[in-house]
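Each of the next two complexes has subunit A plus one other chain: subunit B in the first, subunit C in the second.
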Partner chain A sequence: MAVGVEEEVKSLVNFLGLPAYKVTTHGDLKVPQLQTSNGRTLMGLATISKFLAKSSASNGAKLLGTSPEEHAEIAQWLEYRVTVVDRSVEKKDVQAMLKELNSYLLDKVYFLGFHLSLADLVIYHGLHPVMCQLNFYEKQQYQNVSRWFDQVQHYPGVQQHLPKVVFVRNSLYTSFDH
Partner chain B sequence: MASGTLYTYPGNFRAYKAQVAAQYSGAQLNVVSDPPAFKLGETNKTPDFLKKFPVGKVPAFEGKDGTCLFESNAIAYYLGNDQLRGTSPKSAALVQQWVNFADSEILPAACAWVYPTLGIMQYNKGNTDQAKEAIKKVLTVLNEYLKTRTFLVDERVSLADISVACNLLLPYQQVLEPAFRQPFVNVNRWFVTCVNQPQFKAVLGVVKLCDKMAQFDAKKFAELTPKKDKGGKKEKQPQQPKQEKKKEKKQKEEKEVDEADDLPKEPKSVDPFAALPKSAFNMDEFKRTYSNKDTLTVALPYFWEHFDKEGYSLWYSEYLYQSDLNMIFMTCNLVGGMFQRLEKLRKNAFANVCIFGEDKNNQIAGVWLMRGQELVFPLSPDWQIDYESYSWRKLDPDSEETKLLVREFWSEEGDFKIMGNRKYNQGKCYK
Partner chain C sequence: MGFGNIKSKDGQKQLNDFLADRSYIEGYVPSQADVVVFEAMSGAPSADLCHALRWFNHMSSYKKPEMQSWPGVKQPLGNYGPKGGAPAAAGDDDDDDDDDDDIDLFGSDDEAETAAAEKLKEERLAAYAAKKSKKPALIAKSMIILDVKPWDDETDMTEVEKSVRSIATDGLVWGTSKLVPLAYGIKKLQISCVVEDDKVGTDFLEESITAFEDYVQSVDVAAFNKI
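== the complex of A and B ==
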């Protein structure tokens, strides 16, 4: 599921208002690589996105969280993105993941705290191909994920190159187990 | 961009709407809420103020360019920006819809329920029950709507969120206890997100959701009601923490602002318990529990769990002139008469008084719970008639004897060893 990971890194660079970096992918698994301004190479989405957020003077602090707890939670969701979201290919894995996220997001607007963070951004990018595949019935089934996803894709500057996923506000299906 | 002065009193949730809107738009707002610049009930009654704001209510806004506005939603609209007002006609109409919903569907019920708990308004069970139902209904509507939405209109905070959240602020702080709000998970999520946005936080501070549904505050109501006595209150409670005092001031002022004309007339007498520090023990709740639930298994455990031994005391009493007691029914009348004369004490005392023995040989004894640490009877002439005919012994709330007496007398069951050979005949409850 590493398709488009270069674009993802580039869109994060744009979102943060940073100068362009050279981004490539490495190997069969398409691990992203980023060349920093002093010639060093960073590998892996989690590493790169943390580096980028830290490099942004304006948005970085908010995206990375302010307390040690928030830092830890961000790290957890970055790991979740790489180990769960990106590896859920089978339908049953995808369903299990959506179910988990759906219950997590029941009482939350963002993944942590009360504002958008790096966790929302990386999960949004990771879930985009999944959400594109869902039919309306499934979107309603994972209502909290849908609501969160719609909020994030409407956040100014987030969507960029990705197509908008369409959600409906009213319940289309009245009888299903929730 | 709009800039000017907002007149209000501290803690006014209506003014919050305007203040939060200004936080979002960056409008320069000078908030005037404290004397001498603004004194509620005085400044807003001056001819100068009324000329600019004929209704004489706050919040009121006066722009640097001379624009004068009253009504909180209008001020919030003026101080906001396009994003808050809705960027398309459709969004703007939806924003209007929710702003009006907040004032016409939420606010009347919210006030009817919350104001008695703040002592601003007299309690009326019918009105409170009706208000609870109305709040349940609006929360159900909001909950369904917010199932698929993060904010009320589009994907951003708008005046709709500001107005609805500010009108729900007092209910969430005072009465929407966890069990009540639990079914409205989508509303809770939305509300907590709103009040934690930096722009809200800058105005509201940290919003703590209510842990336990506040009940009618009779004491505060009595305190707040005699409006003429402004200086007296401060002297009565020199121990009150500053914050509490401030809160009271705010509530007193709110009363003056929001008061409707059809409120019940003010009681003339002063509450003799006003000087006592507030107690966490809820007498009404205890009496309800005692009346409706099993005494031994529910009411007594409830009592011992919630009993506030600083704020209340327990007493054992016996009739001093038992040789005068004749027929049981006459003794009953004696006790009944005493209860009647103590009518006004009901909010502050509870007792179960039992009659032991038989005709021509009987005795009265009882276990009393009363506010404060002293016998309350000397406080009112009505209360003094009977109490001198009884012996009064203060009970140590921690002793086993007290536990036993309370259990026997309040449940009207047990050996009543304290009464010797006289058998329990009947009990009368003062509640």
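== the complex of A and C ==
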């Protein structure tokens, strides 16, 4: 699990305008745990974020998608976050992941296409440490990821405790097509 | 300067480049700027302009009334897009991106400045390349002073000089010479010459001169100066 997953859950709670929940992490892998109001404990980032989005009357419906297709896609990206993003530690894994995301985001503004969803929020948090590590050359190399990331971090309410990642608006290197 | 003619392929290409790292024409939310550009377009851009097409599809996903409610004030089409030093571009720079100006340490949003800087850079590069290409045309020359020593005091020094001067090759010009007394009446011939570095080397000179073995005992390079 990524570092700061408690913070991540808290900022999602904030973003959704929900009352504060008790968030802890469990075990060596730092699996987040959240205590719901009726005393049950939820484990795992995907579960918790889905629960939170469902709980929020105002923002939640939009974040979870409106059609069955969108529900399914969000579920897939939540899984991707937990199984791929969080487990890409080696440089080559990270690069393969960024390459994959870069080609996926080529024709999309957000993960679901044209509106912000839970998938964006969860992957944004997961990718934040990765993006902080990238140099400007790599940021341009994965331009579509950079554009998406910059867009999401500027979405009102998303950024919260995370530092802003700086992107340059000018092409520094000219040898790329996309 | 904007995108030029947005209906033309060229204009759409500019739009495509502009949108490569942007989701919207201005800032991070859809605004009237998007509406203006979107309405100016005659149809979807071709599939190879993937960034423009993405933006176009994004805009198409909104309904007309929705677009009316977006923030911003409509401006002429030419005021949007890459700023190429048009006078209109100077004023509207700080409109919308109030939140990223302070953080954008390296990136300048001022495309005009970049374009100008890039142009200057290109000019300098061109000037440098031109200068560099001229350089090899300059022929590197050296002035060499040779000491030619005879066998003994009976050697006819005028004959020595005549022999040396008889060596003629491309890129070799003989200069002045004088006789310098050594000892016991023996004089050495000190002769200068100018050579083109590529064509004549000191080895060649020494070999050629010592070839007159009746007169010449040895040859030394007394001085070697690049000109």
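Just so we're on the same page, the second predicted complex is superposed on the first by the 173 of 178 C-alpha atoms of A that agree within 3 Å, B and C clash if a C-alpha of one lies under 4 Å from a C-alpha of the other, contacts with A are read in each partner's own complex, and residues count from 1 in each chain.
Please note the rule applied: a residue touches a chain if its C-beta (ideal position, glycine included) is under 8 Å from a C-beta of that chain, and two chains touch if they have at least 3 such contacts.
Everything quoted here is computed from the prediction, not taken from an experiment.
The superposed arrangement places subunit B and subunit C in clashing positions on subunit A.
When the two structures are aligned on the shared chain, A:Arg147 is found in touch with subunit B and with subunit C.
In the superposition on chain A, A:Tyr155 contacts both subunit B and subunit C. Look at A:Thr47: by the touch rule set out above, it reaches neither subunit B nor subunit C.
Of the two partner chains, neither subunit B nor subunit C is touched by A:Thr25. Of the two partner chains placed by superposition, A:Ser55 touches none, neither subunit B nor subunit C. Of the two partner chains placed by the overlay, only subunit C lies in contact with A:Lys164; subunit B stays clear of it.
When the two structures are aligned on the shared chain, A:Val109 is found in touch with subunit B and with subunit C.
Aligning on the C-alpha atoms of chain A brings subunit C into conflict with subunit B at a single listed stretch, 92-100, out of 92-100, 128-136, 182-190 or 200-208. Shared interface residues of subunit A, touching subunit B in one complex and subunit C in the other, are 106-109, 113-114, 143, 146-148, 150-151, 154-155, 167-170. For subunit A in complex with subunit B, the residues that touch the partner chain are 106-109, 113-115, 143, 146-148, 150-151, 154-155, 167-171.
Of all the residues in subunit A, the ones that touch subunit C in their complex are 106-109, 113-114, 136, 143, 146-148, 150-151, 154-155, 164, 166-170, 178.
On the subunit C side of its complex with subunit A, the touching residues are 20-23, 27-28, 50-51, 53-55, 57-58, 61, 99-100, 103-109, 111, 114. Of all residues in subunit B, only 147-150, 154-156, 185, 188-190, 192-193, 196-197 touch subunit A in the complex they form.
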